[in-house]
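Sharing a structure here in structure tokens format.
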Amino acid sequence: MISHAPNPDLLAKAETLAEALPYMQRYAGQTFVVKYGGHAMGDAEAATDFAEDIVLLKAVGINPIVVHGGGPQIGAMLKAQGIESRFVDGLRVTDAATMKTAEMVLSGAINKEIVSWITKAGGRAVGISGKDGRLVTVSKVLHPTDDLGFVGEPDDIDIRVLDTISKAGMIPVVAPIGVGPDGETYNINADTMAGALAIATGAERLFLLTDVAGVLDKAKNLLSDLTPSQIKMLREDGTITGGMIPKLETCIDAVEGGVDAAVVLDGRVPHAMLIEIFTRQGAGTLVRQG
Amino acid sequence: MISHAPNPDLLAKAETLAEALPYMQRYAGQTFVVKYGGHAMGDAEAATDFAEDIVLLKAVGINPIVVHGGGPQIGAMLKAQGIESRFVDGLRVTDAATMKTAEMVLSGAINKEIVSWITKAGGRAVGISGKDGRLVTVSKVLHPTDDLGFVGEPDDIDIRVLDTISKAGMIPVVAPIGVGPDGETYNINADTMAGALAIATGAERLFLLTDVAGVLDKAKNLLSDLTPSQIKMLREDGTITGGMIPKLETCIDAVEGGVDAAVVLDGRVPHAMLIEIFTRQGAGTLVRQG
Amino acid sequence: MISHAPNPDLLAKAETLAEALPYMQRYAGQTFVVKYGGHAMGDAEAATDFAEDIVLLKAVGINPIVVHGGGPQIGAMLKAQGIESRFVDGLRVTDAATMKTAEMVLSGAINKEIVSWITKAGGRAVGISGKDGRLVTVSKVLHPTDDLGFVGEPDDIDIRVLDTISKAGMIPVVAPIGVGPDGETYNINADTMAGALAIATGAERLFLLTDVAGVLDKAKNLLSDLTPSQIKMLREDGTITGGMIPKLETCIDAVEGGVDAAVVLDGRVPHAMLIEIFTRQGAGTLVRQG
Amino acid sequence: MISHAPNPDLLAKAETLAEALPYMQRYAGQTFVVKYGGHAMGDAEAATDFAEDIVLLKAVGINPIVVHGGGPQIGAMLKAQGIESRFVDGLRVTDAATMKTAEMVLSGAINKEIVSWITKAGGRAVGISGKDGRLVTVSKVLHPTDDLGFVGEPDDIDIRVLDTISKAGMIPVVAPIGVGPDGETYNINADTMAGALAIATGAERLFLLTDVAGVLDKAKNLLSDLTPSQIKMLREDGTITGGMIPKLETCIDAVEGGVDAAVVLDGRVPHAMLIEIFTRQGAGTLVRQG
Amino acid sequence: MISHAPNPDLLAKAETLAEALPYMQRYAGQTFVVKYGGHAMGDAEAATDFAEDIVLLKAVGINPIVVHGGGPQIGAMLKAQGIESRFVDGLRVTDAATMKTAEMVLSGAINKEIVSWITKAGGRAVGISGKDGRLVTVSKVLHPTDDLGFVGEPDDIDIRVLDTISKAGMIPVVAPIGVGPDGETYNINADTMAGALAIATGAERLFLLTDVAGVLDKAKNLLSDLTPSQIKMLREDGTITGGMIPKLETCIDAVEGGVDAAVVLDGRVPHAMLIEIFTRQGAGTLVRQG
Amino acid sequence: MISHAPNPDLLAKAETLAEALPYMQRYAGQTFVVKYGGHAMGDAEAATDFAEDIVLLKAVGINPIVVHGGGPQIGAMLKAQGIESRFVDGLRVTDAATMKTAEMVLSGAINKEIVSWITKAGGRAVGISGKDGRLVTVSKVLHPTDDLGFVGEPDDIDIRVLDTISKAGMIPVVAPIGVGPDGETYNINADTMAGALAIATGAERLFLLTDVAGVLDKAKNLLSDLTPSQIKMLREDGTITGGMIPKLETCIDAVEGGVDAAVVLDGRVPHAMLIEIFTRQGAGTLVRQG
């Protein structure tokens, strides 16, 4: 005999959807900028999960903007072409030949691959770079001792092309490239690009997907919420080091530029964004004004 | 040491959201008419769950329209007023005094209570009856031997008021009352009202929430999909009996009137609608053209 | 032989329409809030006249919003149910049972009856209460010595549902009920509700229909125009007394809240609103900033 | 002591407005083309009444289009210039010099005078001719024995300029002039022009204001309703003669071209249009399909 | 054998179009007010060129507004009617009879002739005067010693009718006539009218087409750019004299009223406006804030 | 002394603009698809001219869509990478590695270079491929004897992304790449892609820019107009040979698919498109239905 006792699995699913409701209501109509890292791109399953997450954001009324990097892939292509890579303070020195290869890899390979994933997940993506629609004008990054070549910082952002794409029900996917004052092509750090677009679009959230588990304290426990002043202290006492420092500076710039919160997320965790956005538990390290 | 091995509970939640994505995409912009039964209204927790489900449908871009009944509450109020209830073939004989009480209970108590639940769940509901905005004009139900009084059937439906409310981001909640040819007030069977609104609005789905577990075969197993011709056979062989017969006739009328599918759902199962709409398993008995 | 000498009756009709023209032009696109009293509701002919007036306002481009009371009808229903009515300073003490009955009478009987009249007059009305679309949130009215129960004052008004209905060519009819801070149902004085909606919608006119002939001086002549300071003097010298005092306070609140003028009108005079609005003579007592 | 017994005059005014309501509802959003005759233009009071009528139509949501003639004024100006007028079958033979004078009188004097009246009555009129916005292209009227010169018939009508003006809340006033196939200026009979614009705009009503009391039977009683076939019979039995014949032909063309009804009205009766449109009695002779 | 060596003529054409591009981009969506003089109207070829220029402005996204004069034609018509012309300080004394003739010539002859030219050039023009749509209200020009009659200055400008016509893809052609405080008709100097419309519409450019070659220095060389203070000096040293003085005052008023630049152009040069607007060389004398 | 005799150069410029007017009017609001060839890309001056032409089309209200090839650049890059190119019947056999390189060159180098040129010319371009916004779905090109690899033909085109970009005032630049049935990346012949987009967008014109002087007869004279049946005859008699055959087949497909005309143009002639579009002489060979 059948009872109306609920199937526990189905009930759990229903409760998950119900739990997500207040977050859907809160974020409807808002913009989320998501930096998707080059390191995470080798894994087809992770890419599929990521694309589904992005399409789900769009389905519930959020406007996601994806910014991607591509350092490892650029390096591999340069190596295949016999072009030597040189770095200064972690920044690739980018001469004209390097820039040409970097643009081909970023705009011609990675950008379109992400578009394909989103298409397969049922979304409608449009892959552009900062050149398209005059999106990003840069100024050259000046280094005290070296000439970094075509490495730029966003100077002026015209979000019209992003708005046009988002309002048409499509998802912009943006390669971190901009146009210099004389029309030359410049490479931009992808985290920096994502942060600048988040500020310019008045985004509610900036997500930096990476391949570490957020910010950890000295006992290796995840720190789930930080303010800019806490970050300052953690840098001073040596808790935050290495590549996490520029990431958190991008986060601080974003929240000081009007973004409600910036989140450093472990892109290796399946559907990490959904957990962060639609559950009470959250994930990663969230940076917000104190 | 922390690993990026996912927390299984969080992962399950994320997978549920991802599983729901294709259904969100499929149903975005469509209308779902939901009949919410009078029997289910005594229970505050069930009412809260129901309201959350309705608000979640709205949040993901579906336009829900709620139609409610109120038989038990009308009976109780009539009894309290010392007015005797008389039924013919399961239909309440509705004289002028009974109609007046029925309207007060339906439009003045139940309708506004559902509005309150939806408000608490974060939605914005507008409670109306078939009188408002000239929504439903009825003709009197004729009975071979008795005069049923002010019992009507929808004759003409003008959906403008529903469209206006839905397009403004609000949720219509409709009491099963209509206007007769000379302006009198008529009671309408709530299932019939829901079916008629589903046809008139070109709804994708009609849900009839009830307090039984869908249609069962003789071994008491749930029949999850039925066509009109299968229903005809099951009636002939005695599998379908009693109150399920008019419910399924409403379903058949709806799908023959252009509704994609009509579902008889167990309203006692928490979040039954979410399970039916957003998971692969579904719930209840779905009626669709073969 | 026929002459083109005008038929005097037809000529008078034509001149009336021509006389109305400048008022139509002046009021086009503006909002008029009309409080329709419970006392006036027993008379079908008066109700028909009232509904025609409201529909005519809509036809010439004004947006009328009807607010109704229902004191006598609530009293009668409570009496029929054997619930005793208790008043403190003219305010009904409203316990939970009383509130339930009051809501049924207001939202389930009177509200829908006004909708029916307007429908018969050719309009398209939508009957709601302050609960619908989160229209009115109240705070509890505090009394120095007694607990009045569920008696509230409008605290926060969200006019979106009114705008939606009006812009769709329909006429909102509003029962004087609101939602308390914890979601409970509260009764509101209908004059107070009308005044609050007039302020919130930026109405050009507030009409309070009553069953006396406006404000009279001591010689029983109608005072057709008053300023708030004149009203103050007339209260002090005892000209204005009794139930007219809170009505005029509502008028003063309205004009101080931005309503251009508030009018106390004799609802027993057929088509009093049309005379007031569309003729040079006017009717009733108009309150305006000096 | 004051009573609420209504002042009979005010009551009559209110009833007139109420009587007009169903007509306002019926005609809202529709187009009325009104031919205003040259004979009626000498009288400032009549002109003021006419302008008020037109503005009132606009105020209640009707889109009036005024077409005017100007035969007497053209004749007077030609006489003043010493240009001789010649007529063939009632049509003015229009050589180039005559056409130039006719256009100055029609577009430069009468047209702008009507604009001024409507402005004084509170409306916003835009005076154009069939040349403006490419409104009317004509073909030359061919006569069996004579060359009538620049006398044309509407051949092609592009209503965009009328729509533009009407939708902006303004009232088009149109001089009966069109453009010939080679760009020359042509005169058009004003009744014919009005009928052609009524058909092209899908007007609900065509009014031909004249200086006789509609169509009379042989006993000089007004015939208030006629069908095209009745008109045919009345012509055959000699009841309809003279200048009324082409007017009724214009009416028949209009109703056969889709205009709901065409009315020949006595323009000398003050506010004749308001009586015809907004009262039960009507005025003039209405032509409609049987 | 064919070569891909470009045909020099075709190449020059292509380069002209390419040269025009930045000006098209700069002026897209802006308003240009063009005063077209009465002197220039006798010549069909010049009129055709002018109309083509205006239609080309519209085609590339500029909103042209044409204002015309008509002094010589008014004088000729008055003479033909035996009405004597009297001038005070270059302004025609305008009694009622003169005004009536002036309006017929301006609104009934010249205005519609310009509409015809634009129509032939493929545009869609609407000829109005300052009376239409309540465009221009004037105050009477007061003269220290004489009564100039119906000579007015723009006092209040309501641009709604211009906006309506321009946004519908049509070109307004405006006769220099306005309405006085009591509804009388007033003549306005056409340059003054053009300047006032330029200020009221927020125009980017005011063009005054005349029959001299711009402002010349004492050596008869064209002065192509002037500031208001330079003009003041040139008046003081006697370089600027006669009819050029009021023209330049109109230009100064316009640029001080927010118009970006005002240009005095030789209307006898074919396509002078195109040269001024779309080439690097320009033409005429441009007045702009220093 | 200055005369108003026109400067002949300026006059010629003005006449060129006036000559262009009827073409601007005719083509306003229409879509032109322009195939820009890979061969023409080495020359910065030619590229600048081309970009100016495209931006001028946009400025006068035409919606240009640019499709580019890239055969020579792909060949060069493959050679640099040591990947051997193999051709069958003129089609490059495209294995996975070749496709990856081709996409990087097309989407990552050429596409963005064209975007940069248009940006410099004052336009706002958005560079996409057939992958973006699900623009082009392909089926694999089947060859009787060989497997060509990832070479596809457009099967289904969803123009929403093109419409979105064009309506936002931007210019789509499209790389000839599509998505296969299983989501793989396919190369498409650029002429074929341009023709397919022209049909799908209902384009008025398809331009195929090439590096020969249109279609020549046997005496090497340019054939400026051809019908499909004339082309058939010229193929049969050997006048049309080689690479011109598939180009003309694309033209025939386009005009048979509803494109008004297709033009083979010599891309080496400066501003060839402007000459073809905006002058009476035209340029190249125009194919249109007879």
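In order of appearance the chains are A, B, C, D, E and F, and numbering begins at 1 in each one.
Assume contacts are C-beta pairs under 8 Å (C-beta built on N, C-alpha and C of every residue); 3 or more make two chains touch, one makes a residue touch a chain.
Here is each chain with its UniProt name: A, B, C, D, E, F = Acetylglutamate kinase.
Keep in mind the model is a prediction, meaning the values are calculated, not measured.
Common neighbours of chain A and chain F, by the contact definition above: there are none. Chain A and chain B, compared by their mean Cα positions, are separated by 43 Å. Chain A and chain E have Cα centroids lying 56 Å from one another.
Mean C-alpha position of chain B lies 35 Å from that of chain C. Shown for chain B are the residues that touch two or more other chains, of which there are none. Taken as a contact graph, with one node per protein chain and an edge wherever two chains touch, the assembly forms a single closed ring in which every chain touches exactly two others. Taken in ring order from chain D, whose neighbour in the chosen direction is chain E, the chains follow as D, E, F, A, B, C.
Chain C makes touch with chain D in their complex at residues 1-4, 6-7, 10-22, 24-25, 28, 49, 52-53, 55-56, 59-61, 121-122, 213, 216, 220-222, 266, 268-272, 274-275, 278-279, 281, 283.
Of all the residues in chain A, the ones that touch chain F in their complex are 80-81, 100, 103-109, 111-112, 115-116, 119-120, 124-129, 131-134, 160-161, 164-165, 168, 170, 177, 179, 183, 185.
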